[in-house]
Amino acid sequence: MRIKVINPNTSWDMTRRIEAAAKMYAARGTEVVAVSPERGPPIITSRYDDAIAVVGLLEEVKKGVRDGFDGFVVAAFIDTGLYEAREAEEAPVVGIAEAAMHMACLLGDKFSIVTISKRMVPVIEGLVRRYGLKEKCASIRVPEGDILAYRGEPGKMRDALARASRMAIEEDMAEVIILGGGAMAGLDVELEEELGVPVIDGVVAAVKLVEAVCGYGKKTSKAYSYRWPDRKEFKGHPEILEKWPDEG
Amino acid sequence: MRIKVINPNTSWDMTRRIEAAAKMYAARGTEVVAVSPERGPPIITSRYDDAIAVVGLLEEVKKGVRDGFDGFVVAAFIDTGLYEAREAEEAPVVGIAEAAMHMACLLGDKFSIVTISKRMVPVIEGLVRRYGLKEKCASIRVPEGDILAYRGEPGKMRDALARASRMAIEEDMAEVIILGGGAMAGLDVELEEELGVPVIDGVVAAVKLVEAVCGYGKKTSKAYSYRWPDRKEFKGHPEILEKWPDEG
Amino acid sequence: MRIKVINPNTSWDMTRRIEAAAKMYAARGTEVVAVSPERGPPIITSRYDDAIAVVGLLEEVKKGVRDGFDGFVVAAFIDTGLYEAREAEEAPVVGIAEAAMHMACLLGDKFSIVTISKRMVPVIEGLVRRYGLKEKCASIRVPEGDILAYRGEPGKMRDALARASRMAIEEDMAEVIILGGGAMAGLDVELEEELGVPVIDGVVAAVKLVEAVCGYGKKTSKAYSYRWPDRKEFKGHPEILEKWPDEG
Amino acid sequence: MRIKVINPNTSWDMTRRIEAAAKMYAARGTEVVAVSPERGPPIITSRYDDAIAVVGLLEEVKKGVRDGFDGFVVAAFIDTGLYEAREAEEAPVVGIAEAAMHMACLLGDKFSIVTISKRMVPVIEGLVRRYGLKEKCASIRVPEGDILAYRGEPGKMRDALARASRMAIEEDMAEVIILGGGAMAGLDVELEEELGVPVIDGVVAAVKLVEAVCGYGKKTSKAYSYRWPDRKEFKGHPEILEKWPDEG
Amino acid sequence: MRIKVINPNTSWDMTRRIEAAAKMYAARGTEVVAVSPERGPPIITSRYDDAIAVVGLLEEVKKGVRDGFDGFVVAAFIDTGLYEAREAEEAPVVGIAEAAMHMACLLGDKFSIVTISKRMVPVIEGLVRRYGLKEKCASIRVPEGDILAYRGEPGKMRDALARASRMAIEEDMAEVIILGGGAMAGLDVELEEELGVPVIDGVVAAVKLVEAVCGYGKKTSKAYSYRWPDRKEFKGHPEILEKWPDEG
Amino acid sequence: MRIKVINPNTSWDMTRRIEAAAKMYAARGTEVVAVSPERGPPIITSRYDDAIAVVGLLEEVKKGVRDGFDGFVVAAFIDTGLYEAREAEEAPVVGIAEAAMHMACLLGDKFSIVTISKRMVPVIEGLVRRYGLKEKCASIRVPEGDILAYRGEPGKMRDALARASRMAIEEDMAEVIILGGGAMAGLDVELEEELGVPVIDGVVAAVKLVEAVCGYGKKTSKAYSYRWPDRKEFKGHPEILEKWPDEG
């Protein structure tokens, strides 16, 4: 099984960490390749950035179709272009926010999501509602301090996340913690030990769920929502977006 | 007051009809300009198309900021890039789906939306939920036949819409009908006469609501959701997307 | 366009302040008249008062029909008799709570309402739910101290409202503040400057929305909810309540 | 125990039938008195009528307080002035729609309400939502034909109700049927035999629930929603509305 | 009328206190018998215990059917086997959590439940949702300290409950308090006096509601949810579970 | 990885078919063992049967803990004792209804569940709500005819399921079909080919999700809901229920 993990952020060092996390947990026989698109923001920190990142992501999905991947992971916690990618492809596509939430539901009654900034709270709330999981979400918490600034200092980041997670567990009665951002990748094990409840990194959850869906031989439904897009010419957009699987 | 109506579809004949409808109802003293972006699909018929249309739409918003418009209307019933545009601007931005739904709430207990294809039903349902108005939506109905094919035959289109609307009124107890697609622009008056309940064209509703918001002197909140995007370089994307109001 | 603003409280000094606010923002060509009914409580501070105020309000609507007004505003934040007025009339009727909430949705992801007393919280919560906007309401907050007692001291009232609003913004993540009571009329501009997010006075919002609806030529749907009431004799009630538009 | 049943409709023949039904099921030791107010519509068939009926109802509650009743039933299926009566009194007040729904929840998974006209559907839907019971309501159905016209022909009315109820059971999977209107009083037993599922007359349900609440010695909470109204002078309204229990 | 109160906990001293409370409020003519099953946990403190207690409870229901009881109360705040008992019987069965919540709705806008341990919070939340009453539940609160350890010290327990209740009233705006556990039985009157809002003991509420339902002559609907179970042989389970009313 | 699949029905032929389906899709390196408990109903067709089946299921979980299984599947579509098993164990436990629903969410916007009898509809609706997935469930449909009677005639069963599924797709806009009953195991592939949308057998979905969760090294959260039960003596119940992992 070959899974393509697409980090819609164009900063490759994050992509490499994502790939490492994905590979660590991939099943025997699963090959994981992680990439960043050729166009898009270095790091997505708003809906605006997210919308601009979609085109690059869709290009990578189209290339992945051509290259015969069995499944795809969208590796930004805002699930950039997830539904659009499902329209453009038949092979399963799973977003890391979506995957983390569904897996969390199997491990505890309610989950909390720890994310990087207050502006992302309504955005992630929108995702929770879109996936129909509002009643399972205890809270969305933002650690104090500037999480992105801690990227070079994993100790500081871990401490800030641990504090926010502990409040989610004690005050909001979260039973599972979801790390809501690529920048936190790789901290799940350490935090889980410290907190005593499951801590989920969406990248790993998504890879495992793509394996599960592919292992069962399922493909995206083409009934209504994810029907193939109509073939048309997009003014001013890269050619690859207008090509379909059967066109080579 | 100057309002820029952006039709994210790149087919100008639809844009011209939208402009005509908007101008017919604009208040004295309101100037309306309708445009299509330079890039994007000729007509949006899926989420995929919608996502690709966002970049072109945002470019038009940025240009509109530079040109000093007082407010913006996003004129595709999928409300392309609405939240992203609000991040990129301070002046009010209103989507035509959003506007039609809010106005319908002032006229009847529940509304139904008549749209062009079954694949759009879950998409529009997503919008209804995003605007928090699920309890006010009696149904989303799709007329039989190929609505888009009727674009040259207004009589056929009107009849198909009237049949679907009547079922919404009788079976789903809709009290207001919303025309869910730019292709239906201009049919509101005729249908209203035939059906005996208010029929709303989102373009007009949006222009009137932008007038209302601007007339009260309100601007988009920059508290959390629509905070200005962080300034950054977008690999492979037009320069205009990286510029902010104060940069000229 | 002629809009009749009916303040169901019988204290005319509040009515005069409401009229001033409405006139300040009315569009060119809009004539605004504000009145208090002949019967009812001096100020509505409970559901009990509200129910008793309805008869007087309906009488004013009936007179307004006779006088040919194009639209009506119900100017108490409990939206006294709003649905009943819609039954009794065809011209648009908008409540100030309703208007404030719908307009807030166009400006930010969530709004908070600041109201005058704890007993009004469940009442307003009922309104929020009735308009189907529960998911857009971050909180309903009551300032500390006796807001009504501050009516002669705008400084004190403003400070109390500012404190409550700030908590709504910081703790509940409100992006728009709604002033939930006629007593707070006229403080919107000042508070908006202080808080940095949109602050909405329902009276202005309602006038602007009536203008929007009338400008589009829409009337209340008579399909089900707001069908004309059956003609009947009301024992012990003023004659005017039993008359219909076509009876003069 | 003395229970005052107030039928806010001013037609005494309905009141007498209501009293008969209530007395048939009242417990040993419960005295039931049914009355109509001095003012109000002969029969409530819209929100407009309902709003006008409130004043008369509140007057009867006030008199009932003076006369020392232990509990009150509001006997119109629109629960006229229920919350306002709770403010005005301490003794339990139960509405017949409310009572029927709560009792139905003890007997089956979901209930359907059969009501007299389509215009009442959104009104009753509003009640269902107000009582927080939306998920327990399978449907609100309106029998074909003019139910009110059948008042002299119980056979015709029963047949029309039976047909609508059967559709609710078979198509909407209702497990309990609620008769949603005073005009249907007394048909519960006959219909229950025919349909094979519990059929509830709200008047009886309300009397039994008032007995239950009074038997446990509970009174309406005065914490927030139903706090005593502030004492004030109501311009142009009967004096009795301004008096409180301790004033005689 | 004869009501069988089944405490699914096998500790008879709790059962005796439950019986005392039930008898104190039973109507004239109501005979109450309280029992504990022959098998099951001494006290239910988790879902695990609850599931194991069901078999014993169902045996007692079956015996009660044979003994001709008119109605049943399930007297653990987790409503052990309530729906299963309804399948196995036709006479009304009411749970104490269910009864407390429905009665609370008649007395105030929102209720809070005070329960014994944090692990019960999601369990009770599940009940609230199952009864469709989520919007009426202000909060579920757990007093500080080990409530079960206070069983011998009613003063300490009352103080802990009062503190938790007061927070529910002041911070969550609860208008009615529900005592969420058999261990708190008998403290309702004292707490109500102290708190000034209605305090409900589910055992009493359930007895009164069974009286109400039986007094109206209603039985459990056998339409879908509570249809009689199919007759079958349960491997390794007591014979009584396989017998039906008509088999003696 | 060793997964124990527990079919709480005591009929081993169904268990053997379940095992076959599970093994067909298990990953390389996954060992699957399917069992039926020693006590319980031959086939669960009601809540009553389900409650009685729990004890046998928990015994099998306890034995599985002793035998060192890595994960568990509860293989009845009513998810018998799922939450109780999670309390009793630390290794992941997944129900087949739960698994089917979560996997369906990754493949289409909405799913429909096809189940065996009308009495199961409210039961499954309860599960959908418990997992917080109500908005993703398009409908629960029951094929015409007696599905259980078709167990020997797979052709008839498949045709009945196909008809019900097609109505779910066309009328309810389901994009994924879930087979809601063990009796339908093994028909997923055939039906998927016929219907053209993904058809999910919960047994396979559950095995794949247990693999996913175990592959990521996650265990059930012991924070609140699934905390270890308190050690106590269960009167009249098998000893094994009172033993804990560390006791051997």
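So that you can tell them apart, the chains are marked A, B, C, D, E and F in the order they are listed, and the count of residues begins at 1 in each.
Simple rule for what comes next: a residue touches a chain if its C-beta (ideal position, glycine included) is under 8 Å from a C-beta of that chain, and two chains touch if they have at least 3 such contacts.
On a predicted model such as this, the values are computed, not experimentally measured, just so you know.
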Copies chain B and chain C touch via same or different residues, half shared test: same
Distance between the centres, which are taken as Cα means, of chain C and chain A, whole angstrom: 44
Chain A and chain B: spacing of chain centres that average the CA atoms, whole Å: 29
Multi-partner residues of chain A (at least 2 other chains): 109, 118, 121-122, 129, 135, 173, 224-225
Pairwise touch network: line, ring, star, complete, or other: other
Listing of all chain pairs that touch each other, if any do: A-B, A-C, A-E, A-F, B-C, B-D, B-F, C-D, C-E, D-E, D-F, E-F
Interface residues, chain E side, partner chain F - complex: 10, 38-43, 45-52, 54-56, 58, 81, 83-84, 87-88, 118-119, 121-123, 126, 129-130, 224-225, 227, 229-230, 232-237, 241
Residue numbers on chain D that touch chain F, as the complex places them: 109-110, 135, 173
Chain D-touching residues of chain E, taken from the complex the two chains share: 25, 27-29, 92, 94, 98, 102-103, 105-109, 131-136, 169, 173-176, 196-198, 200, 204-205, 208-209, 211-213, 215-226
Touching residues (chain side chain E, partner chain A) in the complex: 118, 121-122, 129
